[in-house]
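What follows is a short report on a single structure.
Chain naming follows the written order as A, B, C, D and E, and within any one chain the residues start at number 1.
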């Protein structure tokens, strides 16, 4: 921990990224207290406020700092509310997919043989199904909801982690330090956690940080298809996928602000991820 | 040689005219094949392969066929082909055109160029229905497998398919020996581009000459562009709300009226549809047979709505689930949201359940809904379709899309009467009456008719049709 | 005979910046190497022998850094050379045999590939010729059926075989200077003899110079011309082999020689130098061996690192040594 | 008492000649160990000496279960390891340890020294948590690693320091039996002396047993009770240290002894080098494996493999005796 | 390896079987195809007739049994909408999508590997930071957005590239592809770049991370000590050691791009499989969905087999099987 702080202080980029991410997370959690109106409360929204440009432009109104969307929701407040959902889905799904995937991948790679075949063929099966089809089916079965959405996305993404973890595990499972650990009598679980995991973490962190953005967009696509968040409570991704249709017509604020917000989130997460990866690797110090 | 490149929202799926009753597919087939009659830009009946027809008795129709017509493969067109095509539509196991010819009892060849069609009972819309059956060459169809026919069309129409890469482009070239007027456009390239933004872009970049289904939000952008114009036409599709008239809050007329009053359709048209829709006051627009000019839309009046709700026993409103698709109609998801927001203002708490179209249809068609959004297109140009399917009490083949189980004996009777009345004027009156009652009782809540929007290069002369079929032969150029 | 100096190292300092502080691995080392000479470097583990070797080739990566010093190779200062020219020196003119043979071979390339690329790049051999030469080299270092072994990956070889491969790679390009960092530790004595023989022949034939880093004082005594003794980043004693072995001046050197187990003698316990080398993180001022030295005086505390001449061709930093007459070390013939 | 017994141990590796050959499942065999039998008594040190690549490490690793033997049996305390239950095998881990030949690759690059040594202590509950720190520091002190290095990673050490960390790890579990695979080859003589002294002290104190693999014959002589000389996966000569060092019998043993470097002040110009072809473990030679390099080889040596037989209180495999 | 491949093929058959069951269940949950297929005005008797014609009135297990019976003969049924064999419909489009996916992968490999390597070798340089930063733009924008932005920029604003479609194709070595004409290349570049954006970001990061780690290894130092030029050090030695995660991801992505490039295909009106499956799911065209997913399953199995074999090529320490 002391080490972390030491390296943290040395890297300005990380400090900035962390501050940005913290501000974003906090402001989305406490959005209720920050923004004047709740865009998810239908009674407070009016079509009469539709498509107002940002405040500094002609026709801009005071009420909407960054303009409003088609239904008359303020862009800024919707972003803050929407970020909450997007981050929740993004992080949870990546963590869920990551945990399932890395665990199965390491187990497959480490034990090999039948276990490997079974897990990896399961992965093959999983890979063959379009996320959309899974989503529609799950929805048909279970109905929708954020939790189900996370599960669907987690299920759809575990394979990437699994295959990566397996590949890296395969190449180090015969190394001498793993043999040494076996000789000491460390059980397999601990070998996996202490010796294999830290040494395959590099690609996993890369994939996980890159995937967060993907997952947020996947959530948008699924929400758009009707599984996941309701249209009346747009997430960041949904705002973007709604807004892009109006890109041609010059209503740029519908997509530029939520898009910019997403870029900022993704950038900070990746900068922090890169840094974390470096710090976790003793050789790079 | 004039070439026209057209960006369409989707490709035809088959070239066999009985296999699929779907607008984009028929739209393409309409250029290659012809029916006995066809509808013009105003949805009025015009002669096609039949030069004239008459009603012999209540149930017998005689059609006189064009002479000297040749199929693209050189076969001559005659009564055999007509009989064969109609019977194929009626009997082929996979035919999707069984309904249009469902009332056809028998077809009799009087001579090479005259046939008589007998119906089960007096059937006023037979010509409109029979017009939907496109005529194929008997010899050609019999000589080829079904599979072959999917991709290889031989018709009598003004155009022939000269190449077809599915979902990529179809090239149609004018048929040299076409019996009718020679079209101005020699060659048409149909490019299916399903993504609206891309379609608009390909138009803006000059890659295509005609843009179909211009999204309402992009109208201004296209209008600003140089050398192109936006052409609008009233569409046939009605977007409406359906409610369960038998159970729940909507079983009370006052609640239905309240909801209708609570919806500010002007705002929806202006903001959601960007001004490109027509406020609807009844079930079909004035181009359709059976329109009632006296029925007016109720005004937007939230106060009245609240009052009606209170009178109905819901002073504090109620909660209801609202089903809608979001990828079927123009801006359907946004319309549903706007409705939800407006109802929220009068105290009705709407839980919006927006789904992809297959899921949505699955849900509402199984009548598992109390409140839903749907669209309806009158492709025949005759309102009886709506009345049969949506206003009549569900029984037998009636009311199959009457998903809210609206039921009124009087209306039922009127509809049944209209179906059998051959006299146009009388029939029109009966249908107008049914519409009046349906609107008065708020059987459905019509929102708006969609507008059809096209982008065209400035030098193009073309009046699109309300049914969205792209007839290339009607296109031309200003010089 | 005055031989030409091929390598002159002046005031070489190589430090590592770690989060615990600066590791002064090599702390101002001076020495030179003559053509055809074998220079043995011995010293405590962790004294900076390997780092000195890496520094000569400028192979120190961050957080390490060559702080100052000059390394003149045939009069040319390597420190001032750009990376592109350095490539022509490394492996071609000066080659190095790494200490840890497993870690220095790429696990995913066959040993043949790793050997052949040197021949192809430095000697511009055609594939075929390079292959034949590679087989020859492997044969020279005593690897049986070299043709087949070429296709093996490092993890399929025994420790000693890997070490021999590394030796073969270093010899492949006929370098002028070889830095051999414990090149025979994993070898049995017969193969060791074979390798040493090989190197000696090379030196004789081509006047190659050899820096021989080792712990095996016996071995170094058999082949070296001069010996350098390193301790905690410094050279503490150097001189002709004979003088160092028979007359070690620095107490550390004496301790080293005393620690060797001797074949003909029956010892119950081996002599060892008590204590530990000071951590290179905070080196004490004055003599760095002081804390372990039985002969330390107050003077050692702030004494500089100047070399005192012990005899012709023998210098030491310990001044006490000059006064003390050394008894002959047992076992030295 | 026989602690460990190895019976006719064989270990062959299958190696591929190329990607293509592998594609066709055409692999060749490396005959690393070709029938080796020996036993070690409790508290004894047996040294394995022999040509590089002759299978010493392979024997050590097979004994510890890192490799499955191709043939043959290993028994510990009279019990065959292959017949032990899982639990018994786990118990063995505490008793049998290995010091790896290659110090660096046997240390997890992502573990600090502290964790490397802590791990076995914790998993076998050697000492309580409170005593742990002292225990570790004490251990590091014994092998000569500064206690301030606890938080460093393996790559931050010199070769010798890494080796000592590996030794500390093996000793941390207080095993009964240690396979020491060239434990001191990377160490300077002073540290080497320190480690050897340590190992011998431990042996005295706890009745430790060693299988000691080394090249440095003076060290071997110093530490071992018995010595086995190996060549190409076979034992050529095995017996009491005193006997063997006093009078090496096998021609290969003699060659070995002739090559030992000695502390001297004169430069040795000519090393006696074994001449002749080095035999190939992929294609084992006929007859005595050493015949191609043996000065005394006769006809029979080309044909027949010599048996290990008793000569002068030890066992030697040579037709000439 | 042959044995291994055979085993994998056998496993793939089991996978296909499992997939077919799952798909079958899934598509039976999702809606009634007959309702979607027929026009709204179709009479109930027409609906029932069609249901019977399509065999959808039979119990589920009989439907499945019939499917399997035909499937082993290579008949996956007839598309409800297009009335041609569903499998041929899918296979017709496979090459078009493949062409796009391969182009995307090639573009991303060509960009990402050198860029990632550079960023690893010179982590502190401005260019590296720029690379790392700008690559993120590719992943933080959703595909549909970056696609349409490209179109707006290059098709609408600069009129440099066509906005949609596949363009002219030519035949070369029996393969029809837009690779072989200038017009075709112009058409493929934007969709391929859009598809590749995510890959580029991912690969740059993976390569950089892996390389940074490998570059600290002793064998890289040794290679440099051998005087090998940068090209050999970085490409041959370092890159090969970082390839395991890289090829894993490339393999996965290649499969994904082929299977699920729906959005890009939709945006650029590319007549590939993505659009087909999207439409088919919407239309509930069951035979097409079934054939499509089985083809994809086989494809993934094949790609993953190749990846596993490549593992072995890139890292011989990995054992197959």
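Please note the rule applied: a residue touches a chain if its C-beta (ideal position, glycine included) is under 8 Å from a C-beta of that chain, and two chains touch if they have at least 3 such contacts.
Note that this is a predicted model, so its numbers are computed, not measured.
Novice: Closest chain to the protein's overall Cα mean, using per-chain Cα means, please.
Specialist: E
Novice: Name the chain whose C-alpha centroid is most distant from the C-alpha centroid of chain C.
Specialist: Relative to chain C, the chain with the farthest C-alpha centre is B.
Novice: Compute the distance, rounded to whole Å, between the mean C-alpha positions of chain B and chain D.
Specialist: The separation of the two C-alpha centroids amounts to 88 Å.
Novice: What whole-Å value do you get for the distance between chain C and chain E if each is reduced to the mean of its CA atoms?
Specialist: 54
Novice: Any idea how many Å lie between the Cα centroids of chain B and chain E?
Specialist: Result: the chain centres lie 37 Å from each other.
Novice: Compute the distance, rounded to whole Å, between the mean C-alpha positions of chain D and chain E.
Specialist: Here the centre of chain E sits 52 Å away from the centre of chain D.
Novice: Could you list the positions in chain E whose residues touch two or more of the other chains?
Specialist: As it turns out, chain E has residues touching two or more other chains at 30, 148, 152, 216, 218, 281, 315-317.
Novice: Which chain D residues touch at least two other chains?
Specialist: Residues 16, 102, 104-105, 155 of chain D each touch two or more of the other chains.
Novice: List, in ascending order, every residue of chain A touching at least 2 other chains.
Specialist: 136, 140, 174-175, 244, 247-248, 281, 283
Novice: Can you name the residues of chain B that touch chain A in the complex?
Specialist: 196-197, 200-201, 204, 215, 217-221, 264, 267-268, 271-272, 326-327, 333-334, 336-338, 340-342, 344-345, 350-356, 358-360
Novice: Okay, in this complex, where on chain E does chain C touch?
Specialist: 215-230, 232, 236-237, 240-241, 314-317
Novice: Tell me, which parts of chain C touch chain D in their complex?
Specialist: Its residues touching chain D are 16, 18, 20, 42-47, 50, 99-103, 142-145, 148, 151-152, 156-161, 163-164, 182, 185-194, 196-197, 200, 215-219, 221-225, 241-242, 245-246, 255-257, 259-263, 267, 269-273, 276, 279, 281, 329, 331-333.
Novice: Please give the residue numbers of chain B that touch chain E in the complex, ascending.
Specialist: Contacts found on chain B: 10, 13-14, 16, 19-22, 93-94, 96, 98-99, 102, 146-147, 150-151, 165-169, 191-195, 197-198, 201-202, 204-207, 327, 356-359, 361-362, 365, 376, 385, 388-389, 397, 400-401.
Novice: Can you name the residues of chain E that touch chain A in the complex?
Specialist: Going by the criterion above, the answer is residues 7, 11-12, 14-15, 18-19, 22-23, 26, 29-30, 132-133, 136-137, 139-145, 148-149, 152, 198, 201-202, 205-206, 209-210, 212-213, 216, 244-245, 247-249, 251-252, 255-256, 259-260, 262-263, 277-278, 281, 289, 293-294, 296-297, 300-301, 304, 307, 311, 315, 317-319, 321.
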